[in-house]
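Note that the chains take the letters A, B, C, D, E and F in the order they are written out, and that residue 1 is the start of every chain.
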Amino acid sequence: MNELTHFNAQGQAHMVDVGNKSTTHRVAVAEGRIEMQPDTLAKVLQGNHKKGDVLGIARIAGIMAAKKTADLIPLCHPLALTRVDIALTPLAEANAIHCRATVETHGQTGVEMEALTAVQISLLTIYDMCKAVDKGMSMEGICLLQKTGGKSDNWKRTADSN
Amino acid sequence: MNELTHFNAQGQAHMVDVGNKSTTHRVAVAEGRIEMQPDTLAKVLQGNHKKGDVLGIARIAGIMAAKKTADLIPLCHPLALTRVDIALTPLAEANAIHCRATVETHGQTGVEMEALTAVQISLLTIYDMCKAVDKGMSMEGICLLQKTGGKSDNWKRTADSN
Amino acid sequence: MNELTHFNAQGQAHMVDVGNKSTTHRVAVAEGRIEMQPDTLAKVLQGNHKKGDVLGIARIAGIMAAKKTADLIPLCHPLALTRVDIALTPLAEANAIHCRATVETHGQTGVEMEALTAVQISLLTIYDMCKAVDKGMSMEGICLLQKTGGKSDNWKRTADSN
Amino acid sequence: MNELTHFNAQGQAHMVDVGNKSTTHRVAVAEGRIEMQPDTLAKVLQGNHKKGDVLGIARIAGIMAAKKTADLIPLCHPLALTRVDIALTPLAEANAIHCRATVETHGQTGVEMEALTAVQISLLTIYDMCKAVDKGMSMEGICLLQKTGGKSDNWKRTADSN
Amino acid sequence: MNELTHFNAQGQAHMVDVGNKSTTHRVAVAEGRIEMQPDTLAKVLQGNHKKGDVLGIARIAGIMAAKKTADLIPLCHPLALTRVDIALTPLAEANAIHCRATVETHGQTGVEMEALTAVQISLLTIYDMCKAVDKGMSMEGICLLQKTGGKSDNWKRTADSN
Amino acid sequence: MNELTHFNAQGQAHMVDVGNKSTTHRVAVAEGRIEMQPDTLAKVLQGNHKKGDVLGIARIAGIMAAKKTADLIPLCHPLALTRVDIALTPLAEANAIHCRATVETHGQTGVEMEALTAVQISLLTIYDMCKAVDKGMSMEGICLLQKTGGKSDNWKRTADSN
């Protein structure tokens, strides 16, 4: 049996019925990182303190993207988000910037997709602003860390998750 | 000197002037992959042939997302794309699906961001459709492969890029 | 008296107040069809089974369009849809493809417009994908079949409806 | 051979390459009508002259929708429209309102989809504004009338088109 | 202490958590005006009665813009509006058109931003339609008049507000 | 004669034909300001240097809004902007923040609306981020400063403009 719930018995895509799911407080946390040349990271960090606030703009882009998730992901339900928070942390040793997005709602379905979208577009915005000096940057490890709320058991990433 | 071109001399973000750049044929190719449990990949492949076409829907989502790039990335110029092509290839040994997006335009600025956005949203749509059975999937190696066109030298990913 | 509720006493358009309407389970079903040359229908059906999945893409387009209804129809209220389902059925004798959309919400106003938008954009997407071989296709019989939920009596299409 | 150009040799959807098509003046004209109860048409016409301008709002909705076409139709190219005109004509004997949309561009691909989208959303907006008094209205005969410009022969609807 | 609530303790922007705020009936009223040459106002008023309904189109644009507020204002929460009403009043002595927008919701956060967005885009649409004859028009006095609902005290504009 | 060009001879709105206008370099500059309590301005300026970058976020919001102009203003033509620059300047004596937006394109119609939209949404974003401490802020003097390019004479604001 195919348990991919976005398809009906005939294998046709549909937006699944969440009308009977309870309206609860739901939280999802996702992460990812963008790896770059050491020089690029130095430029971002310099700008962050003095001028050219790459991380501030990436944060805004990620928050705005979370609100567009249902417009981007075909079978995603529209949701009224109650909170979006994005933390961008330079990883000096790894020559990378880490992104962690937390999204919350009080609704009938989870916000994993919104958290992942926020991570992706935050990282992509960093790419956009640094690509003049470093086209080789790559985005890695974009995944869900945890979700709570809803009828299904809460989920938390473990060493076995991937 | 800070060479991040999205900031002016005062460190303030702006959409950079591309009005003097020539209108040329520009191509960008980007890639990335989503890693999953072997069972999840099996379900996707089964659906691909028989029912529940995960990859077909992910392809459409990626194409549509490429058209929304300037709406998602704050300082990105709007562009009239002339071609978008997305190839999704199962990687049986790696338990992953690989995505490669090619975007073209005849315009005044490149389409790297459009190609990367297409890859990200294609992969994220696969995540959405498979998350009921595998929340631990992760997206990896999202990066630019090459770009051609425009005044700057063409660029191609090499072993030294990252 | 003019009973078109989208206008106030001065005849000025407004988004009517639904704040006092009860939040109930609401369902709307709409339909329509696109008529084409026999050869065109054959091409679509061939693709549906083997390659070039016209109907799969039209289904996705319709689902995504349902989510954009309040953005398209000026006086329509934004709504959090809880289900969208689109059935596309070839009508061999009529040389047509029939579309039936079912949309549900738990909200303060009905989802007739969302169901009709889904039908229209599904059919229009079929047109787009087949227009290289048949520009003469026409879309016919786009209408509401039934609606339930809300304070007003349920409504069902009858022979007298049109 | 399958000549549906929106699919590649593997049957996978793509946004076709229009980069080599010439930039020419392109025009498309589409039409359609919404049929209603005689009383409904009377209310619309009364409003049109005195208050509650249904047709004026439908015209604006159609123009705005033409600009959103590439956002609605998955494989449609984004285009910079140079003109959109929508004519709404009451058909007293047929108890209907007829819509005719003319769209123009100077671009690399035609504007049939934009003209058809404008017709559909204009008619649907009329439905929205009249549905409080007549849920049985239906939209009929939505089709392309003619297109000019581009390399392919000009096309004009004839008695044999459908 | 910095009490700008859109920033966390580190000064980083976030979409503030409204998940614990109660769902109540919330209303916001905003206003503004566009000043123009006497001749321009005469043209608008002539059109309003006979043809070329500038105010009718501006009203529709304002209502549609209210629905897009969360898409325009980065840290604004998406909200399901239950009512939008826009009143446009010519001010003959001041050679201006006054706009007053009333927006309502039953939600967890207020609708001040939606009311202000509706005023801005209504006025801007008047500018667009009259700019062929008067580029010097200016928009003035765009501000909140009152808000009710929610836990915080109701607020009403007074002579001391500005 | 009514010279409001957005209406045809019957007084019906249309998106005017710009297909015969020449593709030239076009620039528009617009301005406006938001007036606030002295304490509010102090908080914004404090944040600008140390934390809570209100002006940085308002700048991004204005740039993104310029790209959405054709989606907001019903009869506005879509345009590929080649540059957007927004300068936000505190006016200490006036207890205000001044916004000046410069927008450029190489296209067939001007970018006045894009520049004005950028000013409005930048100011409105400042309002959003400061409204927790000052609901009485008002937006004033939003107007076009100059436009160049195109067939019509260049225009520059003078003392007689308003």
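Following the convention adopted for this analysis, contacts are C-beta pairs under 8 Å (C-beta built on N, C-alpha and C of every residue); 3 or more make two chains touch, one makes a residue touch a chain.
Nothing here was measured: the structure is a model prediction, and the numbers come from that model.
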Mutual neighbours - chains that touch chain B and chain D alike: C, F
Interface sides of chain D and chain E: same vs different residues, half threshold: same
Option in D-E, C-E or B-D whose residue-number contact pairs overlap A-F by over half: D-E
Averaged-CA centre spacing for the pair chain B and chain A, given as whole angstrom: 16
Chain centre separation in whole Å, for chain C relative to chain B (CA means): 31
Two or more partner chains touched - positions in chain A: 12-13, 53, 56-57, 60-61, 64, 68, 71, 74-75, 80
Chain-chain contacts as defined at top: A-B, A-C, A-E, A-F, B-C, B-D, B-F, C-D, C-E, D-E, D-F, E-F
Chain E residues touching chain C - in the complex, by the definition given at the top: 25, 56, 59-60, 63-64, 66-68, 80-87, 104-106
Complex contact set, residues of chain A against chain C: 8, 12-19, 70-71, 74-75, 77-80, 107-108
Residue numbers on chain B that touch chain A, as the complex places them: 2-7, 10-13, 32, 35, 43-44, 46-47, 50-54, 57, 60-61, 64-65, 68, 71-76, 112-113, 116-117, 120-121, 124-125, 127-133, 135-144, 147, 155, 157, 160-162
Residue numbers on chain A that touch chain F, as the complex places them: 53, 56-57, 60-61, 64
